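Scrolling down, you'll hit the structures one after another.
You will see two complexes here that share chain A, one where it goes with chain B and one where it goes with chain C.
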Partner chain A sequence: MPVIDLAVTPLRDLNSALHAIPPGPNDIAFEVVNPRGSHSVAVGIDAPVAVDVKGSVGYYCAGMNDGGSVTVHGSAGPGVAENMMSGKVVIEGDASQYAGATGRGGLLVIKGNAASRCGISMKGIDIVVHGNIGHMSAFMGQSGHLVVLGDAGDALGDSLYEAKLFVRGTVKSLGSDCIEKEMRPEHLSKLAELLERAGVKGVRPEEFKRYGSARKLYNFNIDNADAY
Partner chain B sequence: MCGIVGLFLKDRSLEPQLGALLSDMLVTMTDRGPDSAGIAIYGAPSRGKAKITIQSATPGADFARLEGALAELDLRVGLTVKSTHAVLEVEADKVDETRAALARLRPGVRIMGSGDSIEIYKETGLPKDVVARFDVRSMAGTHGIGHTRMATESAVTTLGAHPFSTGADQCLVHNGSLSNHNNLRRELVREGMTFETQNDTEVAAAYLSAKLAKGEDLGQALTSALDDLDGFFTFVVGTKSGFGVVRDPIACKPAVMAETDRYVAFGSEYRALVSLPGIEDARVWEPEPATVYFWDHEKAA
Partner chain C sequence: MSYHNPYTPPRKSATFDDYTLAEIRRAAATGIYDIRGAGTKRKVPHFDDLLFLGASISRYPLEGYREKCDTTVTLGTRFAKKPITLKTPITIAGMSFGALSGPAKEALGRGATIAGTSTTTGDGGMTDEERGHSQTLVYQYLPSRYGMNPKDLRRADAIEVVVGQGAKPGGGGMLLGQKISDRVAEMRTLPKGIDQRSACRHPDWTGPDDLEIKILELREITDWEKPIYVKVGGARPYYDTALAVKAGADVVVLDGMQGGTAATQDVFIENVGMPTLACIRPAVQALQDLGMHRKVQLIISGGIRSGADVAKALALGADAVAIGTAALVALGDNDPRWEDEYRKLGTTAGAYDDWHEGKDPAGITTQDPELMKRLDPIAAGRRLANYLKVMTLEAQTIARACGKNHLHNLEPEDLCALTIEASAMAQVPLAGTSWIPGKGGF
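Moving on to the complex of A and B:
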C-alpha cells in the first residue's frame, strides 16, 4: 500500500499518482499522512481506489470523485466531495461549508457536523450527516438525498427542486418553497438503505421527517413573484 | 480572501513564544492575501507607562532626534525603533499630549495604535517579510492577532493594512467587505471619531471603539455590530485583556477555532493552527454564524 507523506511529498505527486491508476478492477489502497489542512487532497479520482487520509484536510478534498473511496480521519474544510460523480467519501470528524456541493452521485458520509450550505445544488449525490447541518443546506437541491441525524439550521431546502431531505432532529426554519411531506413506504425503505450504507446503527427510519419541494417556484409563475 | 490568525494564551509559560507562534500562523496564511500584512501584540504593561506605536515613510528623518524634540516640550519618552515603526514609551497621563506634539513636530508620522500594552506593526508586502522586518518572532505577550490582506475596498498602503486600531489597546482584523461603511463613517464622525483612511474595516474598528467608549464590554459591542454592520465579515478583535470573534449571519468567510487548556486560537483555515503545541488534542470547531465569542483574561481571573 503506497503511503504518501504530505510533509515531504508535494500534493501534485499524490494527485498525479491517483490519476495514473488504469481503469478496471484493482486493489490499490493509498494512505496519506500529515495532510495538515492541505487543500485539494485526492481530487479528481476516476478509478475504484481507496484513500485513507490520516488527519484533517483543507478546501475541496475528494472533489469530483468518480468511483474512489476516500476516508478522512479528521475534519474537512470547505467544499469536501464537491461535484462527486460516484464512489464514497467518509469524513470521521466535521465538515466545513458546502460539503457535497453540486454532487451528481456517490455517497458522502459526515460523522460529525456539517456547516452551512451542505448539499447546495445537489444533483444526485446522497449525503448522510450523523450530526447537525448549518443554514441554507440543500439550497436549490435538484436530486439525491440529504439525511441528517441531528438538527438543521435556518432556511433548509430553500428554492428546492427534487432533492429529498430527511431530518431526525429539529429544523430551525424551512427555506422558500420547502415543506414537510408525508413519509411513504418507499421513502422509509430508501432511508433504511442509506442509513445502512452510511454505517448508522440503532436509528430507525421512522424517527425522521421528510422535507421536499412545494413545486411553486421552480417553474416561473407571475403569481408567485413575491415569494422569490 | 484575506487571512486572519489570532492567539490568546491561557498558560503564561507560552508568553515568551507568542510572537513566534503567531508569526508561523500568519506566514502559513500568505496565499490568502499577498498585499500587506500586520500584527498586533499585547505585551506586559509597565506601571504608569503607555506605549504609542508610530510609523513613518521616512523613518531616518522622522525618528532622528525625536526624543530630544519631545523632551524640549517636557515630554520624556523612550524610543525603540524597528524599521519603519517605532514604539514610544510615555507617561500614562501624557499620551494625548504626546500625540498632539507628534502631529506638530513630525507631520509625516502616523500613529498605528496606543495603549498600555498594544504594539502594532504593519506594512505592505508578504507576511514573512513583515514579521522579519519587525522581528515579531522575538516578541512576548499575552495575546495577539495578525492579518494578511487581499485588498478589495481601498488602496494597498501601510495605512490600509490591518490590524486597525481606533481606541486605546483596541484592534481589529477583518476578512470580508462591508457595504454600509460610508453611512456608518458619517455617523461616527458626527460622534467625534476620526478616520485615517477610506477603508471599510477602519469603520468597523471605530464602531466598536465607540461602543466600548460608551461602556459596553467587548461581547456587547460585537453583538451590536451584528445589528449595525451590513456586509461580509469575519472579525477578530483584541482589547487589553480580551479577544473576540464574530462572523456575519451568512458566514461565507472561513473561520476555524481551537481551544486547549493553554490557549484559544483562531485561523482562517485549519492550516494556520497545525503547528500549535497540543493541536492534536485541541477542541477544534467552526464558529457559528452571527454568534459572538470572546475571552477575557480579567474576567477569567
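Moving on to the complex of A and C:
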C-alpha cells in the first residue's frame, strides 16, 4: 500500500499518483498521513481506488470523486466530496460547509455533524449525516437523497427541486417551497437501503420524516413573489 | 384688439417618453417585470467615441500588404502546463446549450475553428457536438454547475470560472420553461418545462480567499494542464482584476454592460454594471500595479463589433476580446430575411430580444426542432469565420497604420477621444488637446 506523507510530499504528487491509476478493476489502496488540513486532498479520482486519510483535511477533499472510496479519519473542511460523480466518501468526524455540494452520484457519509449548506444544489448524490446539519441545507437540491439522523437547521430545502430529504430529529424551519411529505413504502425502502450502506445500526426508517418540493415555484407567478 | 391663440403642438415628456409609458402599462397589465435577452440598449460611451491617430512624421506606418502584423495571442502562460495559442485575439464568449440550439453551438465551434480561435461553453454543460466541432474549447465553471463533471473538465482546453457577466453583475442565470426540452432537462438534472434559475453565487466558495482554494482544486483535478480564466462582470474592475490575479487566475475575462445575456430582467440589464469602455483601464492598471500585465492575460467583452473595436480594446491594454451578440448576428440572428415573422412576434429585425421565449425565427435561440432546422451549422459557421477574419484584417489595417507589427503593440498613445466622457474613461486625451479629465494639465 503506497503511503503518502503530506508533511514531506507535495500535494501534487499525491493527486497525480491517484490520476495515474490504469483503467480497469484494481485493488490499489493509498494511505495519506499528516494531511494537517491540506486542501484538495484526493481530488479528481477516476478509478476504483481506496484512500485512507489519517487526520483532518481542508477544503474540497475528494472533490469530483468518480469511483474512488475515500475515508477521512478526522474532520473535513468546506466542500468535501463536492460534485462527486460516483464512489463513496466517509468522514469519521464532522464536515464543514457545503458538504457534497452539487454532487451527482455516489454516497457521502458524515459520521459527525455537517455545517450549513450541506447538499447544496445536489444533483443525484446520496448523503447520510449521523449527526445534525446546519442552515440552508439542500438549497436548490435537484436530485438525490439527504438523510439526517439528528436535527436540521433553518431553511431546510429552500427552493428545492426534486431532491428527497429525510430527517429523524427536528427541523428548525423549512425553506421556501419545501414541505413535509407523505412517507410511502418506496421511500421507506430507499431509506433502509441508504442507512444500511451508510453503516447505520439500530435506526428504523419509520423514525424519519420526509421533506420535498411543493413545486409551487417551478414556474414564475407574480402572486408567489413573496416566496422568492 | 383680441388675442389669437396660435396652435400649440402636443408636448410629450422627456421623462415619461413613449417607451416608458408603454412599460408602465405593460407592468400594470401583466404583473411581471420584462425579461429579455442581449445587453444594454441605452447609449453609453463606447469605442465609437475613440479614434486612432495613425502615423505621421513622428511615427511611420507599415506597408499594408507586405509587412507582417502579427495577430496571435497565447493565453494561460502564468501557471498552465498547456497554454492555448490562438491565431486571432477575437474569441467566442460563453453561451449555453439550452439558451442556444445545438446547431447554433455547432456553428460557433465550426466558425471559431476555421478562424483559429476558441469558443466557450455556457450554463448548460458541454455537448459532444460542441467539443467535436471546436478545436479550442473553454469550459465554463458556473454557480449552477449544470452538467459539470471531471471528464469534461479534462477534455476542455481551458476552464473559465464565471463569477459574473456584464449584462447582470450580481445576477444568476435564467432559462424559462419553454426552452427546457428533454435534452436540456437531462443535461441540467431538472424536470422538463420548469423555469430554471441558476444561482448568482457559487455553491461552495465565497470571496477571493476561497476562490484561490477552488482554483487550486481545479488545477489539481486537471493536473495543472489547463489555463484557468476568471470571468467577472464590469462592476469594480480594478479590485476584481487584482483579486482574480491574487486567487491565481491565468486569464481575467472582463465583460462590460453591453455584453449580452440569454435572459434577464430588463431593469437589471439597463441599470447594473459599467460600460465596457470604463472597465478596461482600471483592469489594466491593476495588472500593471501587480507587475502582471501580459503575464496574466486580459480578455475584454461587451459590445465588440468590428476590427476597430478590437484594435481599440487592445490599444487600451487588453490581450484579447470576446464576442457574443455579434457572433450570433453573424450566424443569422435578427436577419431581415425573417422580417415577416419578427412582425408576428411584435418586433422587427434588429430589435428582437425575446431570446428566452424560444421562438427565434432564425433558429438560434430556440429548442424548437422545426425552428432549429432553419440554421445550417456549416453555412452559419462559415459566415462566422468570415466575420472573424474580416475583423482581424480590420484590426491589422489599423495597427499597420499606427506602425505596429503586432496587435499587442497598439497603445493608448495611438488613441484620442471624441468626448470628455470617453476621454475620462479610456484615459486618452480629448481630440485636439492633451487633456485627460482627472489627470490634470490642459
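The criterion applied here is as follows: the second predicted complex is superposed on the first by the 228 of 228 C-alpha atoms of A that agree within 3 Å, B and C clash if a C-alpha of one lies under 4 Å from a C-alpha of the other, contacts with A are read in each partner's own complex, and residues count from 1 in each chain.
In this section, a contact is a pair of C-beta atoms (placed from the backbone, for glycine too) under 8 Å apart; a residue touches a chain by one contact, two chains touch by 3 or more.
None of these values were measured; they are calculated from a predicted model.
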For this session: Look at A:P78 in the shared chain and tell me whether it touches chain B only, chain C only, both, or neither; answer first, second, both or neither.
Result: both
Problem set entry | First (chain B), second (chain C), both or neither touched by A:G58 | both
Exercise. Should A:R184 be classified as contacting the first partner (chain B), the second (chain C), both, or neither?
Worked result: neither
Exercise. Should A:A115 be classified as contacting the first partner (chain B), the second (chain C), both, or neither?
Worked result: first
Exercise. If you stack the two complexes on chain A, which partner ends up touching A:S143: first (chain B), second (chain C), both, or neither?
Worked result: second
For this session: Considering only touches as defined above, state whether A:E162 meets chain B (first), chain C (second), both or neither.
Result: second
Exercise. What's your read, chain B or chain C touching more residues of chain A?
Worked result: C
For this session: Using the superposition described at the top, list the residues of chain A that contact chain B and also contact chain C.
Result: 58-59, 78, 97
Problem set entry | Residue ranges of chain B touching chain A (in the complex, touch as defined) | 249, 251-252, 254, 256, 269-274, 284-286, 288-289
Problem set entry | Residue ranges of chain A in contact with chain B within the complex | 36-38, 56, 58-59, 75, 77-78, 94, 96-97, 115-116, 134-135
Problem set entry | chain A residues within the chain C interface of the complex | 11-12, 15-16, 19, 39-40, 43-44, 46, 58-60, 63-64, 66, 78-79, 82-83, 85, 97-98, 101-102, 104, 117, 120-121, 123-124, 139-140, 142-143, 159, 161-162, 218-220, 222-223
Problem set entry | Complex contact set, residues of chain C against chain A | 30-32, 144-145, 148-151, 153, 176-177, 188-191, 193-195, 197, 199, 203-205, 210, 213-214, 216-217, 220-224
